[in-house]
Each structure stands twice: as structure tokens, then as C-alpha cells.
């Protein structure tokens, strides 16, 4: 439970620490609130997690999802909220995460985002970080790398995905209103997804070292 | 950032409190939520109308809660769609047994959050229908799959669907007339100075001393292009032409006009703009049934305006001209 | 200077044209003059009400021409009193045989020009009375012999004297109730950013990034002092205290409140301010009969606000709550 | 008639040329429109004078007064308008101005301003330029100086009056709202009065030279 709480806290911390950066990115081609929205949500998550005594990963992730849905708002609230809720379903009753479970949770999260947002890869959204990350994770697992290594690869792939969003025109979300003017700017949601993945990779590495 | 506020984190809460204190004859708060509903909600036998969205567009939407318009309005954080639980509370608070129509501005976040709320209401057996307003012609519909944005035209949807609901019409009929408004309403705006989201603390864009942003969104989203400031007439002509290119206006058409200020533009300029809008319509031999000039759908303190044109038929005209009694729009 | 205008010299003319085009059901132009009167002026058997002043305060005053409020409004150049010939035309256009009341804001120029017009009307045998509104407590009455300025409280004079005239009352009675409003109304404002007279081309004052002007006038006249911006609550408290120091507000009093935006301040901030006004009044056990929040008496695009408090008795309350149907103020 | 028209034109020109300066002075302690108001009025005067064929000084000054009243607005419109109307009365039927007439016209103008504006000297208004100027003129005339010399003295006295307005608190007009904050700033109307007097002095001097 301690490490589960710490993981959620670490996710919250990275988002809150990047509140201004994410907001600035959203200002360029959106409406300058992504960091504010996400930070508001993860402040609420952090407050709840501080009091959490449950060690069921599914239950805790569900709490995170519900909290995000009811505090973030905007586009990212329902999307990240749904993602955590779906991951929670996949992790119900689990107390530890292995490669297989990680893959299942990640897949479920992405499926949730796609259902809710009706977007696909290449539309300049968080999916452009998350899907390549997922692919990297599955590839890593297939070649029997450690979960920490796989998450490191996923995080790198997400970063590449963020860079990729600079090169494409948005066709979903607020940036889509800009047409070609969205070129050259990275997507805010892809960036927050990448940030969360870096934290997951770090946690896995630390846990790996501890073991 | 120079604003008359207490705390950037508290602006929505304090604004809602201020609104209820100002208009107790019109609205009450749904305790614990950022939701204002009519003092006599729920009204049995009347379809309930709920709208909302990010805050910062006042008087949209709580200013239109009252007789002949909305039953409830949900206020999100500034420029951020409200969350589903908030919308759900509004739905519950206004449902008088005849169902609830959600009037949503077309933004990914608004659509998703309102849809999730509708699913929650559905699960509780409340009949919910929704319409999505997408009147902003600055955004090309065909090319970008998110579709157009919803801006000031939304107020006409509130007015007309609200008048329809007041007649005791069924949910489907209210939804239908709202859809008809949406099919016949077009808007476009421009800004001469940006706005600052209180929690962000700095302007969402910056413009040079002689520069304006054409077609920007009401959340400070960049527009179609920037240009050197032109005369009010030239700028208005550009916007009205964009509207009439998209929705032909011809001899004998009858319309309603809204010249909407974005928050920082004074009435004087809006009237100068309206002069040109009216002249252009008159040249096209289009009749104006009613003109609204003022701050109807703002973008915090942004300076700029939008023009909205709604094509009327007999039904829309009658409902538009029907009485309304709300904090921000009263007509006999 | 960044404004949505065509020509600094033409702003008043074009604004008036735009206003008539927007509100043909309410107002018509007195041909050749900067005067708008009701479409059905003159109204036989009703005292006519004329107000006006420099332009740039829209919707004051033409926005209040209509049933239950003014009969005519005279628009001077921006921030400059209209000339006597213009005021005289308004008087002639609205006189229905029962005389005309002039509602003048207390500025040397306004008073002199309206007085000269009254002398002209007198010479033509038209009965004219006048009241001079001086609600701004920022200016110390005793020390400076010009007396206080007239600001947003003027709108309450329009509303209440207008309702009285609508009852068929005589000129003296209408004047008396207007005087009663003036005796019981107090206002004070502050600005966070200045405005620019179009013909001047640059701001009439400048403020540092963290500086505000307390008690400034609606023509950009400097105020009582400058200070570092404080919270909305603190600023509001200062203004309301200045008002209540001048006009004691005590347990059992009933008032009307106006939180007036100066042109560049969005409704969100006005509601946050109103929250504090209402809280302070409630603490004093003062009842609020009606609250107005919005742009009623602007100063071009100045950002800032004023608070107006009007102490009511039974007569003032009834007349305040009476119906009005004008472009800028409609109430059932 | 030519020199009468030229004199009015010269008055108009100096006001129009100082439109911005007068407006700036009014901005400091007033409402930033004195130059705009006066220029608008004198543009109208200049247009009318261009078509004038009357050489009755009284008639022409009346036209100037009426025009100012119906075009300037604000405080200065009725005041200057009344001043010209009163001077016109004093000059009715006259085709030239001598010292005696000048004094009479000037006195009438000041009396008109005082009646209309209910102000006295020392309240930081145009009177603080005009009254000292009038005093200088009468003194000059009493000591048998030429009209040109007298007007030169009047103009100097007006300038001193303008300087004096910087040292007093306004108790009339818009600046009176400022109380002590009006200290250190010169009065806009006093400045425009001084400017007109410089023109009158110059004209008298030129006419003197021509003779």
C-alpha cells in the first residue's frame, strides 16, 4: 500500500510541478488551461491518496479515475478519468503489477480514451504519446525485458510521440480549429501523458532496485 | 494580471455567490454544486433546459436562467467544461418529469462531460436529449473533424428552445426547434486584445499594438489569422461575409442579429459595428426582426466582438420574440 | 489606440445610427441632431424626461429611452456636454404639453449647456424643470464648490422619475421624486485601467501594472488617490464604507444596489464585487430590494466599476420596481 | 473686413494648432478634451468666417459666439460662446477697434463668463488668465500706451496667470474634484485664453506696423 500510494503521489507531483508548463503549451494552440485542469485534479487525488489505506490497485485506480472525472473537467478530465477507470477494472483485486497486468491495464486505458474521445492516433492528441508507448511496452515485454526497462522504452516512445505531434495538424480537440496553424506546436495532452509515463518508469526502476 | 478578484482559485465560487445574491428572484444554488437553477425548479410538466460550460463567458449561461429561457446552468472552472457530476446535478434539479434538454457548445470537453452526465441521468431513468451548438464559421467544418465551435449563437438556442419549452412542448419538439436554430445560426468574432485566465495569470495570447486576431475562439484559442487592425466597417464586412458565404442571405430573408461584446469592448463600438451589419443586410434586402447589442457571450475581459445572424421562419420568429425574464435577457 | 471604430471624428454619429438601427421599436432620431427620442414622442399628457451628456457612457443615456424611463437623450461629443441647441431640440421633440424635466449630471459643462437650453425652451413657452444628479461621494462636497459629480446613480433617477411620469404625474411631482432619489443615492468607483477618448488617441491617464485609481470620474478624471491593487473585497469595502459614511445605512433600511461596470470589466468580476456589497449590507441588516449588475454607465473601455446604493422608501421602491421597456433596461 | 476675417482666422488657427497640447493639459486634471472641444468649435468658426463678407465687428463676433455655443460643448463652449456674444454686443456696428472699445469688449466678455460660470478669480479657471490680462490692458491704456503694447502686456499678464494656476487648488470646473491633486498643473482654459490673447497682441502689432 505504501508504494502504491507513493506511485499515485508521484504521478500527482509531476503533473502539479508541470502545471505552468502544460498550461503554456495549451496556450499556444488551445485555451491555456491543461496544466491548471490537471493540477486541480491531481491535487484532489493527492489529498485522497494521503488518506488511503486500501492496497487493492483496482480500487485505488478507480478512486483516481472518479476523482479526475469530477475535478478536472475540459477534454482531459473525461479522457484521463476514463483511462484510470478502465485500468482499474483490469487491476481489480491486484496488489502488485507484473508485465502482463501492466500491458492489460495500459490497453484498457487506451481503449477507454478512444471510445470516449473518438480519436485515433495521428490526430495530435494524448493518443500520439500513449499508443507508441503501449507499442514499445508490448515489444519490450515480448522480448522479455524487465517491466522497468519496458516502461523506460514506453516513456521514450511517448517522448518521440510528443515530438511527432509538432509535425502534424490537429484534427481533434481544441487545436483542430487552427488547421495548419497547429503545426510546429506540441500537444498538451500528449505531454502530460509522457510526463506520467516517465514517473511510472522511474517507479518501476526504483522498485526493481529495491527488490 | 490586473483583475478585480480576491483569489484566482475562488473566482467561480464567488461569482456564483454574487449572482445568487444579485438575482434571488431568478436563481437559486444547487447546494454544494456550481449549478444555478430557477427558484421554482423543477417545474412539473415543462421540459427542463440545461446549459453550461467553462466559466468566463458571463452572462452565459447562468444569466439566462429564468422564465422563457434556461432552467439550469452549470459553471465549470474558467474556460473548462464542468464535470459530469455537476451537470448531472443540474439535470436532476430541473427535471419536472418531462425530460431535460442539454444545450452544449461544441467543444470536445463540453460534449464528453455532458454526455457522461446524460449517461448518469439515463441510468436513473431521466429522459435526456442533447443538442450541440456549432455556429462559429471561423472554423472550417469540412476539414477539421471536431467540427465548428459553439459561440454566441448559443444564446439564440437558449431563447428559442426556452420559449418552446414554456409552451409545454415535449422533449422531442423542444430538441427539434433547438436543432432548427442550430441549422440556421452562424457567428464569427475577432479580438483586439486578449484575456487572462485568472489561474494562468498571463494573457493566453499577445497582439502587437496594431494587430488583431480574426476568428479567435471565446476561450482565447487562436483564430484564423492575424492582421493589422482595419476599420470597424471593413472588419465587420469580413465577418458578415464569412457568415453569408456559409449561409446564403437573400432578398426576403428575415433574420435576428446579435452584436456581441467579448467583455472589454464598450457599447459604443458595438453600435458602430451594428450600423455596418444592418447596412449590409439592408443591401441584401434582408429584414431584421430583432437586434441584440451587448455582452451576451463574453471571454473574460477580452476586447473584441462577434456577429451572429439567425435566419428566421415563422416559428423561430415567434419564439424569439416571445417574452423572457432572466437576469441577463428580459423582453416583453 | 486600438479601437473598433471607423473614424474618431464620427464615433458619435455612427453610434447613434447603429443604435437606431438596433432598436427601431424603441427610438427614433431627431433629424439633424444627436438626439434620440421615443418612437411615439411627444406623448401628450405625459411629462417628458430628457437626459444626456457627453458620449462614451453608453448605454447612458439613449439606452434608457423607452417606456418607464426617458423620453429623449442628447449625445454630446465623447466626454463633452452636448450644446444647448441639441438639448433644446430634445426638449421640443418630447414636450407633450405637460412640460419637460431635464436630468443633468453635475458637471459644469452639462449644467451650463442644459441651462442655456432651458432658457431657450422657456423663451418658447415650454415648461422646463431640472434636477442635477451628484451621487459620487469620491468628491468632497463641502470643500469644492462645484459639488459632487453625477455618475451611475443617474440611472436610478431615470428609472424612478420615468416611472413617476408614466403615472401621468405633473412636472413638479416628477421633479420632486427625482430630487428624492438624488437625496438618497450615493456612488463611488475605481478603475484598474484607463480609457482613450477616440479623438485624443491616447489614454487620459496611465497606471502602473499594479496600480489602481480610486474614486476616478467617468470621464477619466483622476480620482481621490492611487494605490496598489487590493482584493476585490477590500476595494469594495472601501467604496461601500465611503458611501455609508456619507449616507448612514442602518438596521431596517431598504436599498437598491447597482454594481456598474465601466466598459472593460467583465460580468464575472462585477458579480464577485456584488458578493461583497451584499455581504456588507446584510451585516448592517440592510435589505436589498433589487440589484443591478452590468454596464449601465460606462467610461468607454475603462476597466473598473462603481457601486451605487439608493435608499428606498415605499414610493421610491414602488417606482423602482415598476415595469420599464427600453433598449438597455427591461423589467416586468 | 479682410483684416477682421484674418483676425478671427488667426484665433482659430492658434487654437487648432494647439489642439493636442490643450487636450494634454486637460488630461492631467480634467477629462482630456479641452483642445478637442475648442478645435472643433474653431474649425466651424473658420469655415464660416471664410465665407464672411460682413465688416461689422459686432455681427462677426456674434457669429463666432453662436458657433462656439453650438459646437464646442463642455464647460468651455458656453463660457467662450457667451464671452464672444457679450463682446459682440459691445462692438455692434463697429468696424475698427480702438483702446476704449477693446476695453469695453474685454470687460463685457469677462462679465459674461462670470455670470455663466459663477466663478471668480483664483478658482483655477480661464478667469485667472483673463482678469489679470484685462487689468494689464486697462493699466496700459491709462498710461496711454498703444493698443498693440497694451495687448502685449495683457498677453504677458495672461501667461503669468497661467503660471499662477499651477500654484492654486481648483474650486471650479472638473479639476475641482481633485482637491490638492490639482496643484502643480496649469489650467487648460486659462491656457487657451492666453493663446488667444497672444494672437490678438500679434495682430494689433502687425496692424500698427502697416499703418
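Every chain is named by a letter (A, B, C and D) in the order it is written, and numbering of its residues begins at 1.
Simple rule for what comes next: contacts are C-beta pairs under 8 Å (C-beta built on N, C-alpha and C of every residue); 3 or more make two chains touch, one makes a residue touch a chain.
What you see is a predicted model; the values in this text were computed from it and never measured.
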Most distant chain from chain C by Cα centroid: A
Rounded Å distance between chain A and chain C, as computed from the means of their C-alpha atoms: 55
Centre distance in Å when chain C and chain D are each reduced to the mean of their C-alpha atoms: 32
Intercentroid distance (Cα basis), chain C paired with chain B, Å: 29
For chain B, residues contacting two or more additional chains: none
Touching two or more other chains - residues of chain A: none
Graph class of chain-chain contacts, one of line, ring, star, complete, other: line
Chains that touch, pairwise: A-B, B-C, C-D
Residues on chain A engaged by chain B in the complex (per definition of touch): 23, 27-33, 36-37, 40, 69-79, 116-117, 123, 170-174, 176-179, 181
Residue ranges of chain B touching chain C (in the complex, touch as defined): 2-7, 11, 14-19, 21-23, 55-56, 58-59, 63, 192-193, 209-210, 212, 229, 231-233, 235, 257, 259, 263-276, 278-279, 288, 291, 293-295, 298, 300-301, 303-305, 323, 325, 327-328, 330-332
Complex contact set, residues of chain C against chain D: 54, 76-86, 107-109, 112-113, 116, 138-140, 143-146, 149, 197, 199-200, 204-205, 217, 219-222, 224
